[in-house]
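As structure tokens, here come the structures.
You will see subunit A twice below: alongside subunit B first, and alongside subunit C after that.
For the complex of A and B:
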């Protein structure tokens, strides 16, 4: 029972943060501020990707054995060149898996 | 465009991101099962909290019997990005009826936010955009529940495979695929570089706060530099 209450509390908080701006609070925001909000997706995506791809133990991981970076570059290239998201994700995954498997064998 | 078309578009655009979200649901379900959370409570957590980060961390806190206040505060900090997302979409949903808005807000997760924000920039009818948003909300919500259910069912055997085969990389790749198209515009590239540089010193902040700080900092920096440029231009013309 207490677990259910705890879950309800967590749910209440996540929902409140999602919804509060849509119930009146957003009306008073100045126009220049709202235009600034178009930058948000790019900033958040970058902050999600950087630690997943470039960092290891708090430092840059620009090593030849960084399979995450190799896969990320493959995804970026395919999406940029062919504009196909699914191919980019699949190709990146393939490069990531192969790189992780082969780079210790070939370049040790 | 009819609402039918909006659903098809929503399905098409969300498809590249559904697999990674589904796998993440599997991992959550498996961990919850493994941690001894009952099937009902595990499903309830996915159905109610509906946030990867808050659920994974919340599960750890539940297992260790952390204080209620700690659990709730952690949830608050981990959910700050939803706050930024809803702020970012204020203008777009202004015309949506309030009950419908309440439903859309519930489904505001990373992928849905990026997809909806993108769609609202396109030249289709307002209605088609709102239906698209709703469709994304429902698709990702049931995808997450189905993933959780499968995770509970197959248990941690499956979860360890997901990590071992590198499927966790799929989520990263899907975010890269979303970011890529933005970077062709110089101002977005600047935002991205600013976020990267700002993230480095904040990476060890607890509760993912580094993400929030880097995001707000990058947006503010680029906005301020834009202000000074606008002023310089208007000064030159005067």
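For the complex of A and C:
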């Protein structure tokens, strides 16, 4: 039941946002609101990334075996340096997998 | 021959290459996060918003409640209002039913392609048909790759332990990094990260929302002095 509610809610919200200006709802967005929207992607995504990378079971996980941190840094570097999203994701995944596999063997 | 649906399909193909891996990963990850296969497919077909879907699944896996996920969806998808407003003059001549139908397909990728084409000097285009060509191509890519991902998740044993969930984190990193080109965005990112860590213990996964809203506010505040200087 709650799954149906979740799907219906997400679908309704997203659809409403997509067509809101196509049915005579106002003259467009106020300038301050557009400015605010610029920061939404960075704000939301960083708020997801940082705990996902730095925490483990709610506690800081800042040692050499943290493969998520290694992978995320690799992705960030590749995307920043080479401006290629898919290469960055692929490279980060590779570092993540290798790190998870090798770091317990090499640095125990 | 008028430039129509086929031309839309052709323009959309390069975007498809970028969409397929994300659909695959979404389809694979949604199951272990707690979404049954039918709901995973329904989410791709009915919500049809990649980043919101990934975030919803992340929140679901962390035990967030439906209202929290819906509120997050609203914030994450607010940018579609911007697309809606920008596209509105280009579709105002279409019949209501067409607008109601085509509006559903206004994703980031569709907006980028269609707005580009409609405002380009590259000759006239049959607007509803071009839009439809782009929209259906991208929609098929997303739902199709989700379905393949769901299948893979069920066929390949232990695929949820391969670390694919990290692909989601990596894709978010890849989206954020290119945007960090001024101090307002960097300030927003730092704020989001710090507040998210501090607020991590809040119930219902509300930490994400608190961090995001604080970070947006910091971004807006930091932007002002730069504007006056310019």
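One rule holds in what follows: the second predicted complex is superposed on the first by the 75 of 108 C-alpha atoms of A that agree within 3 Å, B and C clash if a C-alpha of one lies under 4 Å from a C-alpha of the other, contacts with A are read in each partner's own complex, and residues count from 1 in each chain.
Assume contacts are C-beta pairs under 8 Å (C-beta built on N, C-alpha and C of every residue); 3 or more make two chains touch, one makes a residue touch a chain.
No experiment lies behind these values; they were computed from the predicted model shown.
Novice: Is A:102 touching the first partner subunit B, the second partner subunit C, both, or neither of them?
Specialist: A:102: touches no partner chain.
Novice: Which holds for A:64: it touches subunit B only (first), subunit C only (second), both, or neither?
Specialist: A:64 contacts neither subunit B nor subunit C.
Novice: Applying the touch criterion given at the start, work out whether A:45 contacts subunit B, subunit C, both or neither, answering first, second, both or neither.
Specialist: both
Novice: Would you tell me the residues on subunit A in contact with subunit B in one complex that are also in contact with subunit C in the other?
Specialist: Subunit A residues touching both partners: 3, 6-7, 9-11, 13-15, 17-23, 29, 32, 34, 36-55, 58, 67-68, 71-72, 75-76, 79-80, 83, 85-86, 88-89, 92-93, 96-97, 100.
Novice: Taking the touch rule as given, give the residues of subunit B at its contact with subunit A in the complex, in rising order.
Specialist: The contact residues of subunit B facing subunit A are 15-16, 19-20, 37-38, 41, 44-45, 48-51, 54, 58, 62, 68, 71-72, 75-76, 79-91, 93-94, 98, 101-102, 104-106, 108, 110, 113-114, 117-118, 165-167, 169-183, 187-188, 191-192, 194-196, 199-200, 203-204, 210-211, 214-216, 218-220, 222-223.
Novice: Sort out for me which residues of subunit C touch subunit A in the complex.
Specialist: So the residues of subunit C in touch with subunit A come to 18, 21, 35-36, 39, 42-43, 46-49, 51-53, 55-56, 58, 60, 66, 69-70, 72-85, 87-88, 91-92, 96, 99-100, 103-104, 106, 162-163, 166-167, 169-180, 184-185, 188-189, 191-197, 200-201, 207-208, 211-213, 215-216, 219-220, 223.
Novice: Within the complex, which stretch of subunit A touches subunit B?
Specialist: Interface residues on the subunit A side: 3-4, 6-11, 13-15, 17-23, 26, 29, 32, 34, 36-55, 58, 67-68, 71-72, 75-76, 79-80, 83, 85-86, 88-89, 92-93, 96-97, 100.
Novice: So in the complex, which bits of subunit A are touching subunit C?
Specialist: Interface residues on subunit A, with respect to subunit C: 2-3, 5-7, 9-11, 13-15, 17-23, 28-29, 32, 34-55, 58, 67-68, 71-72, 75-76, 79-80, 83, 85-86, 88-89, 92-93, 96-97, 100.
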